[in-house]
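One chain, chain A, links the two complexes that follow: it is found with chain B in the first and with chain C in the second.
Now for the complex of A and B:
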């Protein structure tokens, strides 16, 4: 499995854990996972920490645009980029 | 010299204490302490609420008396483990009451002692005070610019009163330990943030808050061996001061 797929799988797992399988059908990948109510702030961060640990990444969004890294597609893109940097 | 046996806090007594005697002060500031004045800029943190941290024993007491009726979101538990294997937990309540918590007498300690928390030595002696709300740490000249009227107008009186009224609380080594850790935590946060929010234009403010959110939630400012070692040292110092008995 590619790194991008692994990241996507980890995010999917978190969303399924919170909302069930159906959530992936109705998901708008450009929306903020937080403002859309799918994850709260602590869920979101714990998901990032799980991804960081399981995929051995060093996630640092200190300078990143929160609008990007809180959306499903933006998060996958940023994490993939940071892993390949 | 060390103090005698550790004294656990009687939370009923704490919840019956008025630490800040300033009735209706909220009328002078729009209830600043209970609102999230920078929430509009938040992307991750709750835009409309405030997070209230409770110690584990405090949370147990808070629950036992029925809590605050209009806080309905379950508390989030975060557990921290020291190098020596000891751990402690903090419960975070997400409050959107805007000052209208019901019953008001059930509000947590952090609300009762706002706008400050005490900076203490290992014995629990109050040395000074620091702002208890994290966003309040970033005013350039808080004595004059702070949105809380009490900070601007009654700081000396308030600190004097808190020094006395907090004594029962500071007989508990766990509470002393937590306040000492909190001081380390805010010092590190201020160092990493390196700026004052009231000196920034709207665009800079947006970036500052984005960085703040990431720092707070990721815990990155505190994830290094030096910080862990400092927390271990604080534990050992407080333990030594309170009869050399483990308190966590």
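Now for the complex of A and C:
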């Protein structure tokens, strides 16, 4: 499985854990997962930590914009880019 | 000078300067005032008080300005609150008029369905209408209440806290004098409209010709980039926001050179976090503010000094503002007096009598906070008086366990709760750190040495971050839910 797929899988798992399978159908991938109420800041941070640990990534968020990285597609993009940097 | 007069003065003096940055647009004092004028001459012109159903957009801030300029009470209606809670708020405050942004049309329709006799006015329609119509002739009495905020009440229904124009004016006079801003300052607006610290942001900024920078909703979670991008000069948030930024590596040394004032309020500020912030914002004062909503936004402050070698885990509450006074009762509960203290809850004399006590003809507000005063007269927070729990009949101060655990583990965020919530049997300690079995065992041994056995947590749960409520405070009910899993 490619890294991007693994990241996607990890985010899917977290969303399914909280909201069930159907959430992936109705998901708007550009919306902030936090503002839309799908994940609270706790869920989000713990998901980040899980992804970082399981995929052995060490992400620097210093210059990252949460408007982007809290959305489904934005997060995948940031994580894959950081991993490949 | 009255608040409305002071605001009018700002509008004239700073007319073409930016007053508000929101949704990637800058709005000048003149533009904002024109919109406010249109709101004041709209269908709400007769209303003594209005609800504002809007969030982080031009409409919200213009509606607040309109109310303040026309001595009209405003009640922020949280767009994320359940409908039932909004209905309760509108009912309790006897609101006839609600201003709403079109974005929240569906909420306003649901409210209208439940409350058909109320008048809902769309702010977008007023904004699109353009020039103001002539002022209506209807006379109405000016309201002495600036705003009403609803806090959670112990009985389940939200509790209304009216803050008078005098209360607010007194606060603003103190703040503008002690932390003066200039018309080049860029001030953060992070707090939710239903949290009174947002009133600080808005009015302290506008009275001094500075510009309010509204942090977009999705950026509130970790606003480091926003501070840098816009070169904010003044910061104000709960400590938890700083704590998340620290976790994401956003508090690197020297990260925010533009900041010159950083303020924290709403929950205890850990010393380690204050130090981290100070290093990230090397040109900034770091200030801890303290105060309950009932005493208007904040009533004491403490300026952090990184050379202070105090061993306390938290930054002190500081000293009372010069127009306010602090006293302690026999139990050590902080009593607050002065012109910022409100005159009672909305329609709730019982609660008002419980919290406002008169001694020597001075009205004191019972804060519910246990504090201590040190030799320098500086006040330090100990705990909530009502956070006290009983375990098998023994009195337990949860904050004592927190402090010991925190000191032992070199200052992670921790929170102890008593479970089950109804009839507590034992304590569960949440530690915000990666799980570490070895230090867990060492901690238990240490706590056994420090505390009676019933105060030693039965369970330790390691978590990646503390759950926060909409005000950014630690969400204890979420912790309880986690123990039930």
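We take it that the second predicted complex is superposed on the first by the 85 of 85 C-alpha atoms of A that agree within 3 Å, B and C clash if a C-alpha of one lies under 4 Å from a C-alpha of the other, contacts with A are read in each partner's own complex, and residues count from 1 in each chain.
What we mean here is this: a residue touches a chain if its C-beta (ideal position, glycine included) is under 8 Å from a C-beta of that chain, and two chains touch if they have at least 3 such contacts.
Since this is a predicted model, take the numbers as computed values, not measurements.
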Legend entry - Touching partner for A:66 - first (chain B), second (chain C), both, neither: both
Inset, instruction - Scan A:32 for contacts with chain B and chain C and give back first, second, both or neither. - result: both
Inset, instruction - May I ask you to decide whether A:80 touches chain B, chain C, both, or neither, giving the answer as first, second, both or neither? - result: neither
Inset, instruction - Would you check which partner chain A:45 touches, where first means chain B only, second means chain C only, and both and neither mean what they say? - result: both
Legend entry - On chain A, the residue positions that both chain B and chain C contact, one per complex: 32, 34-35, 40-42, 44-45, 48-49, 60-67, 70
Inset, instruction - Spell out the part of chain A that touches chain C in their complex, as residue ranges. - result: 32, 34-35, 37, 40-42, 44-46, 48-49, 60-67, 70-71
Inset, instruction - Report the residues of chain A in contact with chain B in the complex, numbered from low to high. - result: 32, 34-35, 40-42, 44-45, 48-49, 59-67, 70
Inset, instruction - Using the touch rule from the top, collect the residues of chain B that touch chain A in their complex. - result: 43-46, 76, 78, 92, 210-211, 213-215, 217-218, 220
Legend entry - Residues of chain C touching chain A in the complex: 80, 216-226, 244, 247-250, 252, 255, 434, 463-468, 478
